[in-house]
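In what comes next, subunit A is part of two complexes: it sits with subunit B in the first one and with subunit C in the second one.
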Partner chain A sequence: MKTTYILLLCFLFTCLLQGQERFLTKQGYTSFFSSSPVEDIKADNNQVLSIIDTSTGAIAISILMKSFLFEKSLMQEHFNENYVESDTYPKATFKGKIDEINKLGNSEETITIKGDLTIHGVTRSIKTQAKITKSQDNISLKGSFPVNVSDYNIKIPAVVINNIAKTIEVTFELDHKPYKN
Partner chain B sequence: MKNFLIVFAVLAIHLQAFSQDLFDILEEEAPQTKNYVSSTFKGTRILNGHSIENRKKGILEFVISHRFGRVNLGAEELYGLDQSNIRFAFEYGLSDDIMLGVGRSSFDKTYDGFVKYKLLKQSSGKKSFPFSASFFGSIAYRTIDDFEPGNEPSDSERLSYTSQVLIARKFSSGFSLQIMPTYVHRNSVKTEEDPHGIFAVGIGSRLKLTKRISINGEYYYTVNPLESINTTNLLAFGIDIETGGHVFQIILSNSITMIEKSFITESTDDFFEGDVHLGFNISRAFQFGKHKKRSSKK
Partner chain C sequence: MSKKIKNIILVTILGITTIIIVMNVVYNQSHVNVSEVSPDITLLSQDLLNDFENNELEANSKYLDKIIEVNGIISNISTNKNKGIITLSDKDAMGGVICHLSSEEHTKIMSLKKGQNIKIKGLCTGYLMDVILVKCIIIN
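Let's look at the complex of A and B:
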């Protein structure tokens, strides 16, 4: 009986430890920028969900497409209706791994993130560099990477081919806080 | 044995907690938001009449519409193209829910003004709502001088009013349906048998063919039509083509006019006898001021 209690306590303890190992944000920031001779298009999203498990270095990010805000409301409508088809594919997701997360010190360092990015129902592996700052109660990730629109089966019609860049720059800034179950 | 079972159960629960996918946590943590359904129709018109769509705040749209003569007029009239009716209008989104417009039609030299207000919005997610509803009100001022000498109508006698409730549902991304109970009031009528108030009900729909092209249909049934002229119910079919800031509509309709009081109650052509008018609506949108952003980073 005594052994059981000890075992139970052990499990409880490891459970608690696990809780400490996850870092979450619900207000992460992501933007994308398209630069073309005709016009620049920028959209911001301040409601990005992201979680990091520091025991494994695993990271999961979920982005609601309809939360991207544009300067022109018609652009926002066209983005959701015609390009990313938000009714069919409501979210973009990223599932990846941060290398050697446990070896990080408290200062800002550059690390590599690898993983699968899914946009518009198409999944592609990507690899990008990011700046990470890790402390007891915060993990901050910052960086940017290019996305080829055609890689994700997003078609740009001929009439607006000069208005939208073929490669758009995605920027992210995610401040994670410890996540308690 | 009992102890072993307890340990085993705890271990199982423990393992399950451990293997819980990070995405499951994100799913749990995601805020439960209400998603308003967008783009029930492409343009602010189904074809002739208004759709549930408003222009967003700060968007000014310049709309030019044409309806040509009947296609069965034959080659001499170039299948109706020699006769042309035009309406041009400025339509503006005062807020995301209120839209105003002023227009001028060549038919009867009529000026019109309208307001469209979103009462209910179809939504999904938490506390979803099954349909959208808008109120539409317009006033038309007829300025053509076609009266008998000495019988000039007063300003008030030149006016007509239309009230509509637009009820629409986007059933899927490809199919939307709208019902429009309508009341048209005329301040003056030609003969005493003509009703001042006319009730009608319309139905309209859109079927999306590709991301940017849809086919639309529209029909209005008039309950108590005008008696002095032999009127028909409005029937129209058309195609919506969207390109960037434009919506282009190509229309086949049995009405030659483009304002409600007129195409709902004054159409006299029979679609199936070939009294069909080719027409189009074209609009160009301009954005004034920046689109309102939600609260920035917290």
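Let's look at the complex of A and C:
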């Protein structure tokens, strides 16, 4: 009789835990920043989709290229039409893993995220540090990493070579909430 | 002779100034003002979502970068960084249409309620789990 109770309790617990395995955000923030002697270029995207599975530490992020908004419409046009060719490659994705996600406490900690970043149809594995705060009803990830434009087969015309940095700083802020089915 | 040189210099200066002005105008071109432009396509939010769910590639070429007016039922209202976000979806649907309002529209979300029918105009940037419209303006 006792064992049945224990089994039932275990079952209940796993059910409860499973309900909070997945954390999601549909309005994550990503920006990139290019600094060159001629001009600084910045673009913001507030529509990032990110899902974390806390049982495995897997993280999947999808970004719409056209959701990057620039200060100047001409920059946005060049970005979409000439550089990232967003009609052909509408999304950038990241599939990776957060190490030891279940060992985290409630305070802010620095963790390593490894995974594959796909931009402009080119996939590269990257590794970056991020600040993570994990609680019962929230997982927040913050960080930034450099991206080499040439790594992703993005060609910058010679005329504007001095306007655009060879390495772009990508910043992210993702505030995940438990996913209710 | 000296008059000719003067003329040449004057024309060159004029020419250069014109080029600079034109370049500046092109460089500083403003973004599309969604509120002033009439929509390219008008449809129900559910139809927009269905099109993306059925064939994303086709829907991308049909809707991306277009100003779209959608009619739908509000399933969620939230704010992020002082900007309103309205989700339109049917009760049982997994996905929806997420409308990120432009900053001028922020005060209007106070009077909105879940379940209400609404008409929103915005710029379509694509489909993740939901169709995304940015720079949205509430029509009624």
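FYI, the second predicted complex is superposed on the first by the 163 of 181 C-alpha atoms of A that agree within 3 Å, B and C clash if a C-alpha of one lies under 4 Å from a C-alpha of the other, contacts with A are read in each partner's own complex, and residues count from 1 in each chain.
Quick note on the criterion: a contact is a pair of C-beta atoms (placed from the backbone, for glycine too) under 8 Å apart; a residue touches a chain by one contact, two chains touch by 3 or more.
This one's a predicted model, so the numbers in the text were calculated from it and none came from an experiment.
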Practice prompt. Could you classify subunit B and subunit C on subunit A, in the superposed arrangement, as clash or fit?
Written response: clash
Worksheet item: If you stack the two complexes on chain A, which partner ends up touching A:Tyr179: first (subunit B), second (subunit C), both, or neither?
Response: first
Fill in: First, second, both or neither for A:Ala60, with subunit B first and subunit C second
first
Worksheet entry | Residues of subunit A touched, compared between subunit B and subunit C (which is higher) | B
Worksheet entry | subunit B versus subunit C as contact partner of A:Gln27, first or second or both or neither | both
Discussion item. Between subunit B and subunit C, whom does A:Val159 touch in the aligned arrangement: first, second, both, or neither?
Written reply: first
Practice prompt. Would you mind checking which of 5-13, 23-31, 167-175 or 203-211 on subunit B runs into subunit C after superposing?
Written response: 23-31
Practice prompt. Show which residues of subunit A both subunit B and subunit C reach, each in its own complex.
Written response: 26-27, 29, 46-47, 49, 62, 64, 66, 69, 72-74, 76, 87
Worksheet, complete the sentence: In their shared complex, subunit B is touched by residues of subunit A numbered 1, 3-4, 7-8, 11, 14-15, 18, 22, 24, 26-27, 29, 44, 46-47, 49-51, 53, 58-60, 62, 64, 66, 69-74, 76-78, 80-82, 85, 87-88, 93, 95, 157, 159-160, 163, 179
Item to complete: Could you pull out which subunit B residues touch subunit A in their complex?
Response: 3, 6-7, 10-11, 14, 17-18, 21-23, 25-27, 29-31, 33, 35, 38-39, 56-59, 173, 211-212, 242-245, 285, 287, 290-291, 293-298
Worksheet, complete the sentence: Residue set of subunit C touching subunit A in the complex reads 26-32, 60-61, 64-65, 80-81, 83, 85, 98, 100, 125-126, 128-130, 132, 134
Response to the item:
Per the touch rule, the subunit A residues reaching subunit C in their complex are 26-27, 29, 46-47, 49, 62, 64-67, 69, 72-74, 76, 87, 90-91
